[in-house]
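Each of the two complexes below includes chain A, the first together with chain B, the second together with chain C.
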Partner chain A sequence: MCHNLAGLGVFEKDEEGNAVKRIFYVNEKLFKASYHGRVACTGCHQDVKDIPHTDVKKVDCSSSCHMTDPSDNSEFTHKRMAQDLKNSVHGKKGGEHDEDLPECKDCHNNKPYQITVKQSLQTMNFLKVCLECHQSEEWAERFYEHTFYRASIRRSSKDIVALCSRCHADQEMMQKHDLDVVMGFEDTFHGKAIQYGDEDVANCLNCHAPYAMDYSPHRIGSEETPGSAVHPDNKLATCQQSGCHADATEKFASQGKVHPSSYTFSKASTASNDEREFQQWVIYLITLVYKILIAVIVGFFVLHRILDLLAARREKKRLGEV
Partner chain B sequence: MQKYPKIAIRNGKRYFFRFSLVQRVQHVILFTTVITLALTGFPLRYYDQPWAKPLYEFFGGIEVAPYIHRITGLILLALFLFHTGYWIYLFFKNRVGKLIREKRVTAGNLVKEFFSQEMIPNGKDGRDMVDMFKYLLYFTNRPPRYDRISWKEKFDYFAPYWGIPILGPAGLALWYRDEITHYVPGIVLNAFYIMHTDEALLAALFLFFVHWYNVHYAPEKFPLGTVFLTGYLPEADMIHEHYDEYVQTMKEEGLENEIKPQHH
Partner chain C sequence: MNSTTSKSAKTFVRLTKNQRIQHVILFVSTGLLILTGFMLKGERWVIESFGGAGDTIFWWRGIIHRAAAVAVIAVCFYHMIYIVVTKEGRSWIKDMMFRWKDAVDLFQNLAYMTGFRKERPKMDRFTYMEKVEYFSIWFGMFIVITTGLMMWTEYLWPKFYLDISEALHLGEATLAALAIIVGHIFTVHYNPHVYPMNKAFIDGKISESLMKEEHALWYEREIAKQKEQASHQQNDEESQDEQPR
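Right, the complex of A and B next:
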């Protein structure tokens, strides 16, 4: 009603006292095409009863949204995933710096279903088949888009790396939580191939919570969580999944570095930490040796060349004078 | 094998024999494989540079370029093995054979023969290098008189001869990354990954700044020296770069009276 007016919003003060505009405009067309396009506003914003309204609460994704789950006619809700997240390593446990931990909306937004032109051309007849039985064209189109979008378009590996890096590559934040800063992934073949658009190499989630092995990002665990994909007991199976590193050994899984982080903040000096430090030292040493080799050899010859040119000039001069 | 005259005369100018056909063909294979390897490898190292993506796409992108890189690598490794065999063959043919005929085969003589091969660095190279810097730093006006292979050329020669045994096995290990961990710890893969790309950078920079200077951009060579194609070096370059050998060859060919001075 009001929210379809472009420009609707209020000015508020942020934590530093700067004025920021909060936009309340909702593009109806985009919203209708989105994941939640069939949910009424009050399905999520449940405390809104009157118009106009003030102090609307934040949306709780685990609430029931007055929709029917077509699979079993129960009331639809994301409660289970919210519960999974809470139990996962990302769950808020009432500890210090809880505000850093991710919520639903940190990873998910309400995107429109948009399949590519190529995909829609390939699957167009499918919609016609739906319409042979299903009367409502709007419903059929939505079902078709939902199915094909979900089946074909997943988050790209590039996006996943960027998403996880937002926190895990943030040195300050990781230090607060006594975690390793994830570094060096972009220097490995996995990281580089992803930047070249290869979707067959592993991104963060393919190792840390692969659906292929019945893990889920919502139930993600750390290497210390028993039963997680990156726990020492399961690492090898994770590397071997889907034929990626089928012939890999325990040595491959436990000692190879997928992201050789160079900053470690873990305070405990355990056997595995000592080993890790040794490995980082080896990598550091090799890198350093090559830096020196390159600088010395190339520098030496470049210097030699410059002197050589000067000598040639000197020779010419000398001959000219003689 | 075809006999190459030590001095060839074309258009009244003297040219001095340096490289046989077998050697020149090896060099062509070496530089085509190395350039291909660099072009299909460095876009990965510098994936975030603007030139990297178009270059990689030219070689078929992430789906194809790695295979081109690996096959080219295998060709280069094969060349390395062939060259080593070639070297051993020449050593036995020219050196050990002579010792056998003269019945002087002792460990000492073998070692002596080995180190007197033209490619092996020796004491004269050290002295030449010092002399060169004396000349470059204005201590003397007399540049060193190089023999058949100067210390700079030995650097050029041993750069790939040192680089390939590092790049090749490291590359193979990364290719067969799963299998290799049956024998070595996984951290070796990380180490090889760094060594492969850093060694490649060293090789590329060396080729670009040192070798290409010697044969392409040096004022007297520009745009390119032709010895790698013809096998023969012009007299002026011979005097400039290999004066000792020049004098010796002229003497051997009975042209003692026509020897030109190193300096004008």
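Right, the complex of A and C next:
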């Protein structure tokens, strides 16, 4: 009704007093093509009872959206995922900085919620097969898109690393939560392969919450969470997952870090912190020794070469004078 | 220095065909290893400039690095057998061993190059620099082959050992790459005695003038040997052919 009027919006003041434009226009065509295209406005904006309405609350993704789940005719909702998130490490409320904890839209940041399957598929011919039995073209197309969209890889490894790094490589934020800053991943073999565009090596989620092993990013846990993919009890199986280090031994999964984190804020001298400090010190020492070796040896070679050239020039001059 | 490369000049055998083949395998595969190895250390923007081809390039990088590694390991093992089993190999390692004279040569040569001495010391078949380079390869190959094989069989080792391997592999590779560029390529290419290139690695020959210049002691010994052989030939007719070293 009102929201199909282009230009509908207001200017508001944000916390710092700057004017911000808020657009209330909804492009019907884009919305219909989005994930939520079949949900009515009030399916999510549930506190809107009368039209025209006044202020509306933020959408709660865990509400029931007045749609039936075709698999069992129950009311469709993202409640389970929201509950999983609440129980995961990302949902641990009660600390000092709860505002940093991610919500649905921090990771599901494809803002217009557009399905991009048509661009990635070479042909939609398979849809014709669907239409042989299913009469509604709109329904068939939506079902088809949904299936293929969920079956395809929607985020490249590069995108996933960038997504997780937004928080976990933010030194200030990690310090507030007394967590390691993930620093070295981009320089590791996995990190470099991802930069080249290799999708077969591990990105963050392949180790921390691989769907293939019945883990889920919604239920992600830390290495201290029993049952998480990176808990010492499960690490070996995670390394051994199909397509990765299939022959990994107990030793391979036991010592050391996949992404060396240079900053540990916890001052506590736990055994694991001491061990990591020792390991980092050893690597630092090796690098230092090689830096000195390179400076001394290559420096000597360069000096020797320069002296040799000068001597040759001097000799040439001497012979020329004779 | 009369670095004139006279065409009629007498030549001596510097590298046998066997040695030249070892050298070619070594430098081609080392070159590939350095190139494909440092591709893993490229800056993000360089790597991303490959665009869509990056994945394929990365795949080939891995294949080439491992293939060249196999070639290098093979030639190193061959060389170890070679210096024990063959006559020219035994003479090679014997002449390559460090001796007190190398230290003397170093100081005398430094004195010569800085102008405190009139003449270059008379050096033997291998100069002290050549010996340093040669044994650097032994040392370097031991490091990179051991750590490389560990990283190739990564599933057998604790991650910490792999971190150590990676640090050593990178350090040694950087050292070797720089040492090869400065110490070796400059010596055999950008060197007033041989510029633009010492062709010994292709034809195996060293000219009399260069030999006098850089390996005077060896030259004198070879000449003496040839004279002795010549007198032998005159003495008894059933002479052997000149033995290349």
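Criterion: the second predicted complex is superposed on the first by the 266 of 322 C-alpha atoms of A that agree within 3 Å, B and C clash if a C-alpha of one lies under 4 Å from a C-alpha of the other, contacts with A are read in each partner's own complex, and residues count from 1 in each chain.
Basically, a contact is a pair of C-beta atoms (placed from the backbone, for glycine too) under 8 Å apart; a residue touches a chain by one contact, two chains touch by 3 or more.
Because the structure is predicted, anything quoted here is derived from the model rather than measured.
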- Query: Taking the superposition as given, does A:Thr42 touch the first partner, chain B, the second, chain C, both, or neither?
  - Reply: neither
Considering only the touch criterion stated at the top, classify A:Asp308 as touching first (chain B), second (chain C), both, or neither.
both
- Query: Is A:Lys192 contacted by the first partner chain B, the second partner chain C, both or neither?
  - Reply: both
In the superposed arrangement, does A:Lys316 touch chain B (first), chain C (second), both or neither? second
Classify the contacts of A:His245 with the two partner chains as first (chain B alone), second (chain C alone), both, or neither.
both
Please work out whether A:Thr68 is in contact with chain B alone, chain C alone, both, or neither, and reply first, second, both or neither.
-> neither
Intersected contact list for chain A, partners chain B and chain C 186, 189, 192-193, 195-198, 245-249, 251-257, 260, 279, 282-283, 286-287, 290-291, 293-294, 297-298, 301-302, 304-305, 307-312, 314, 319
Touching chain A in the complex, chain B uses residues 44, 47-48, 53, 56, 61-63, 132-133, 135-138, 141, 143, 155, 174, 177-179, 181-182, 184-187, 189-191, 193-195, 198-199, 201-202, 205-206, 209-210, 213, 219, 264
Within their complex, chain A touches chain C through residues 186-187, 189, 192-193, 195-199, 239, 245-249, 251-258, 260, 279, 282-283, 286-287, 289-291, 293-294, 297-298, 301-302, 304-305, 307-316, 319
In the complex, chain C touches chain A at residues 1-2, 40-42, 44, 47-48, 50, 52, 54-55, 57-59, 110, 112-115, 129, 136, 154-164, 167-168, 170-172, 174-175, 178-179, 182-183, 186-187, 191-193
Per the touch rule, the chain A residues reaching chain B in their complex are 186, 188-189, 192-193, 195-198, 245-249, 251-257, 260, 279, 282-283, 286-287, 290-291, 293-294, 297-298, 301-302, 304-305, 307-312, 314, 318-319
